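The data blocks that follow each hold one structure.
In the two assemblies presented below, subunit A is common to both, partnered first by subunit B and then by subunit C.
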Partner chain A sequence: MSNPLSPPKRKDPLTPSRLGHVPPRLRSRAAKAMAVRAGQGRFVLQVCEGCSEATYPPRDRCPHCWGELRWADQPQTAVLLAETVVRATTDNFFREHLPWRIGTVQLDAGPTAVAHLHGDVAIGDQVRMRLVLDRGGNPALFALPLKETPHMQDDPQLRVFTSAPKHRRILVTDGRTRLGQDVAQALLAAGAGTVFLGNSDPLLRHDGEEWIASTPNIDMVPLDLTDSRSVSELAGTLGGRVDIIVNTAGYVRPGGVSSGSRLATLQTAMDINAFGLLRLAQSFGPALGARSDDGVNSAAAFVDINSIYAMTGNAGFAGFAASAAARLSLVAGLRGEMASVGIRVASVLCGPIDDAWHQAVPPPKVATSRVAQAVVQVLQDGLEQVCVGDVAEDLAARWQQDPFLTIREENL
Partner chain B sequence: MTRRPAAYDGVAVCCPVTVPYVRYSPETAHWWAGAALSALGERTGLGPADIDGFCFASFSSGPDSVVGMIQHLGLCPRWMDHIPTGGASGVMALRRAARAVQSGDADLVVCLAADTNQVDSFRQTLAGFSRFSQDAMYPYGFGGPNATFALITDNFMRTYGVGRESFGKLCVAQRANALSNPHALMKRPLSLDQYMSSRAISDPVHLLDCVMPCAGAEAFIVTTEEKAASLGLAAASIKATIERHNAFPEDPIQVRGGWVRDVDTLWEAAGCSPEDMDTIQFYDDYPVIVAMQMEDLGFCRKGEVAGFIDRHDFTISGSLPLNTNGGQLSAGQAGAAGGFQNVTEALRQVLGCPLGDQVPDARRALVSGFGLVNYDRGVCTGAAVLEGAT
Partner chain C sequence: MSNSGSLCAEMAAALVSGKLKCVDLTNTLSPDFPVIVLPAEFGQCAPFRVETVSRYDDNGPAWYWNNISMNEHTGTHFDAPAHWVTGRDLPSNTVDAVPVSDFVAPAVVVDISAEAAADADFVLTRAFLEDWETRNGKIPPRHWVALRTDWYKRVGTPDYLNLKKDGAHSPGPDAGAMEFLVHERDCIGLAVETVGTDAGQGSHFNPPMPAHSILHGNGRYGLQCLTNLDKLPTFGAMIVAAPLKIQGGSASPLRVFALYDAE
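Let's turn to the complex of A and B:
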């Protein structure tokens, strides 16, 4: 079993924070392709189109027949053959995390591989492999016990690869909505230390006020994403006390491009959905990056809840989809910047949410509680991108097969 | 069965040169290479115009390969080669140069390895070493080769019932040998107790299982017997050589090297057997690899190395003198020159001019090379039997 994680001690303001180093980052293009799948929670290896053999480490051609390789989901079981405890390193990140345990595993998929080891696995054990992302956003193999063990998530090596909410302080940007409140509730249930819930207009009443007031460990904070000063003031107040940001803000209005919409509506959508994210990133990003390796409640992640139509556009919600596309593009840029300082940037992509603005949209629509569960999963597994709900999953599958066809289907 | 390679008739190997190692050097690989050539020149009277073949190995000469090196050092060879295989580079340089000389593509080949060790070079060399290491080994704790060989050692000990004492005996013997070598970086005697209690670096690899990276250069000459005689250089002959790369990829963890595939060819071509070796100069980045070679090169059967080590004395006056200059474990590992120092030391022993103590009546030596941990194992292997004049 793993030792249960203790809440972090109050920090001595005179002790310098551990700098946000990340593990060595240089990778091949093939390894980056593996990272994309790791970020989606898949366990993949390259498989040869000619001879069907799986191969590892990532290659550009099959070593058995020189055929072309493609990524394919693989069985996750393996056996641990050998292990070592690394006690000396010249790398700044791992120096802070020694001793570090690794091993050689025989994958049931075929190849052997060097992997990070959970504290509960021993030589000869059958293990369950996970493909995770390291703090620099690169793919890594992690060997877990085959069956759940007590406090398994609290294993110190595993926690390096996740952004688990336990004991962390989390800013959820829009506490006035059902989505923001459901996310807050799910995070607290997952062990979050504190949830700061943003409120763009503290004088205006909203649904859920009583629940918020009666729930411990929630702090309502003033936050208007359309106001640069409001965002930077909150960042100044909360300072280094935010470990995870979940951006639940979204402005959804129907409308087309040539008709059925007003420019002002699109401007508001851009201001909240795209510029709001930009303001958050600019005000909170540096402080997050500085604390990415700062112990139990190190800063860990920036999660953005966005629309799946960011990938295609959407007839009937054209302006909204455009703002979602801008938002997704900004997230991609932010992901690159934050990877160099050890912060995971993730998108939770949803189809139409079951709320007042999607009344005219036919089902299926995704429940806010389901989105909240996805946020927790993204954090616990250290993911980069998940699609929630039937609509989003279907669109993503079609997009993967034929992006331009999918764009056509969503707009014609 | 592999076609039997031609004999190395008429080929002379001579003039082993070691530029004394230092732990850290502000100089470049080019400087160290020049220092080796300068020592060769002093010994033989040869100048740049006399060298028509050049074979080079280095990890730290970047961005220069052998091309940059010959212009830098003013050579005008009609044959050259660059060997990027680290610990296997000495044996490989020897075989390539020998064939070039034998075929007449060159008359006199200088084989040279040089590496510097600046304060941060070890980390830098590691960080950019190979694609598989970058993708799939270094991000796992960044333990470098210590971690890779720890996994190999852990598995080897478990599989064949070998204890740390066996490795300790090898390290202790090599240290005893090093004490007579004035250039060895390690100058104090080593006891088995000290070996056993040295601190863990990457279990089960402990501090005294690891080589000390340093700067240095090694060189030797491969030429015709006539040319060697005309220069007045004592020369050894090559009885047989082998090399093999990426053997046994199906082994989940490395328990044997490519030697196994060609060991019969080696001894058949050499016309002698392991028992005929007066000294062995085995590549020794970690003692587990020395043990593996004892099995794979035919000194004992797979799985029986613990008993073999137990029965032998590996010091210079012992039953099987091993790494008589101290090897890399006690003399230091000067990058790619670590793959050459076993060749130069074997040459010295059979030519009767060792750096330290002489193995009594040494006539035949086995040299082995092992190099390049591209990912989870050493990929390149080689071996050569050298014989001095009777």
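Let's turn to the complex of A and C:
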């Protein structure tokens, strides 16, 4: 079993914070391709189209026959062959986390590989492999016990590769909505220390106020993503105490491009969906980046809940989809910047959410509680992108096969 | 050359000596100042927003300036006749065309603060105004009728918009009062501390929104979100309210202040 994490002590003001070093970034296209799939929670290896051998680490050609390689999902099982403990290193990040256990695993998929080890695995054990991202966004293999062990998530080596909510202080940006409240509830259930729940208009009542007031460890805070001063003031107040941000804010209205749309409505959508994210990133990003290796409740992640139509546009919600596309693009840029300081940036992509603005949209619609579960999963597994619900999963699958066809399908 | 006999000179002397007092009737234009909330399916009033362009920084080392954005009806604002459908065909009905002489006008303050404190839905009627006149004197023509409700003291609390599940609750006039003020007292407009000239429940009145409908339909103006009406005398104050010259504008945020005799 892993030792359960204790809530972090308050910091000694005379001790400097540990800088969040990150490993150097891999430059090869193959390694980046593996990172993308790791960020989606897939377990993939390259398989040769000629000799069908799976290979690891990522390469440009098959090491056996020089054939073309393609990515394929693989069985996650393996056996731990050997282990060693690293006690000295020149790597700035791992120097702060020594000793560090690594080992060699025999993957059922074929190759042997060097992997980071969970504390509950021993030589000869069958293990469950996970493809993880390190704090710099590089892919790596991690060997977990085959079956869940007590406090498994609290393993210190595993926690380095995840953004697990336990004991962390999390800002959820829109607490006036069902979505924000469901996300807050799911995070608290996953062990979050405190959830700061944003309220864009503290003078106007909203649904769920009683639940928020009666729930321990939720602090309602003033936060209006359309107001730069509001965002920077909250960052000034809380910046050093927020470990994870989950941006649940969103503004959806139906409308076309040439007809049935209102520019003022689209401006509001852009202001909340795209500029709101920008304001959050600008105000909170530096403080997150400065605390990415700051103990049990180090700053860890920025999660953005967005629409899957960011990838294609959407007839009937064209302006909203455009704002979602802008938002997704900003998230991509933010991911690069935050990877250099050790913060994971993730998108949770949804189809139509079952809310008042999708009354005319036929089912299936995704429940806000399901989106909340996806947020927890993204944090616990250290992911970068998940699609939630039937619509989003279906669209993502079609997009992966043929992006331009999918764009056409969604618009005419 | 002295022109001490002129009215302007007399006024200047009174301002300098303090015999004429000046009071600000304007709420601070800030991002959290409430704006009117319409049903969600309608377009909404944009709140006031500020984006700093530079503040003695790399984007402008020696100067500080902001881009600002808002609706024409954000904060303390002046409504022109074109704001309402009833005033859409009137001449000079937008803020850029309103005669500049209308920007300085006397005010009569009708105090309904006690009634409003007792009943947030207090409705100002013709009967109330007639009774008020017997006690205070006749409302003179071409005056702003300033409704003192002390509502400005609620700014910063939920009680300002006072938005309940059945809509907003704030005092305002009915159609009889508006017909009386416009047609029989020739008011220049209605000046209020609430977010709109109409009562919070005004959309349920018959006809709906009587202040907007009757004021603007007859070329009169509205002043909303004022403060400090309790500082003004019942008669004798002069309101200065000059909206921005927005081309074709329906309204404008503005600085409103009043002058009145110190004694």
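Here is the rule we go by: the second predicted complex is superposed on the first by the 410 of 412 C-alpha atoms of A that agree within 3 Å, B and C clash if a C-alpha of one lies under 4 Å from a C-alpha of the other, contacts with A are read in each partner's own complex, and residues count from 1 in each chain.
One rule holds in what follows: a contact is a pair of C-beta atoms (placed from the backbone, for glycine too) under 8 Å apart; a residue touches a chain by one contact, two chains touch by 3 or more.
Nothing here was measured: the structure is a model prediction, and the numbers come from that model.
Colleague: So, does A:R205 touch the first partner subunit B, the second partner subunit C, both, or neither?
Modeller: second
Colleague: On the A-aligned overlay, A:D224 touches which partner chain: subunit B = first, subunit C = second, or both, or neither?
Modeller: A:D224: touches subunit C, not subunit B.
Colleague: Which partner chains sit in contact with A:T90 here, subunit B, subunit C, both or neither? Use first/second/both/neither.
Modeller: first
Colleague: On subunit A, which partner's contacts cover more residues, subunit B's or subunit C's?
Modeller: B
Colleague: In the overlaid three-chain picture, which partner chain does A:Y56 touch, first (subunit B) or second (subunit C), both, or neither?
Modeller: In the superposition, A:Y56 contacts subunit B only.
Colleague: Using the touch definition from the top, say if A:I102 reaches subunit B (first), subunit C (second), both or neither.
Modeller: First partner only, subunit B.
Colleague: Which partner chains sit in contact with A:A82 here, subunit B, subunit C, both or neither? Use first/second/both/neither.
Modeller: first
Colleague: After lining up the shared chain so the two structures overlap, which partner does A:R262 touch, if you call subunit B first and subunit C second: first, second, both or neither?
Modeller: Touch status of A:R262: second partner only.
Colleague: Which residues form the common part of the subunit A surface touched by subunit B and by subunit C?
Modeller: none
Colleague: Which stretch or stretches of subunit A touch subunit C in the complex?
Modeller: Those residues of subunit A that touch subunit C are 203-205, 224, 226-230, 262, 264-265, 268, 356.
Colleague: Where on subunit A does subunit B make contact in their complex?
Modeller: Its residues touching subunit B are 23-24, 26-28, 30-31, 56-58, 63, 81-91, 93-94, 100-104, 106, 112-116, 123, 134, 138, 140.
Colleague: Could you pull out which subunit C residues touch subunit A in their complex?
Modeller: Subunit C reaches subunit A through residues 31-32, 34, 37, 40, 43-44, 46-47, 49-52, 156-158, 160-161, 163.
Colleague: If you look only at subunit B, which of its residues touch subunit A in the complex?
Modeller: That would be residues 122-123, 126-128, 131-132, 134-144, 146-147, 150-152, 154-155, 158, 199-205, 249, 252-253, 375-376 of subunit B.
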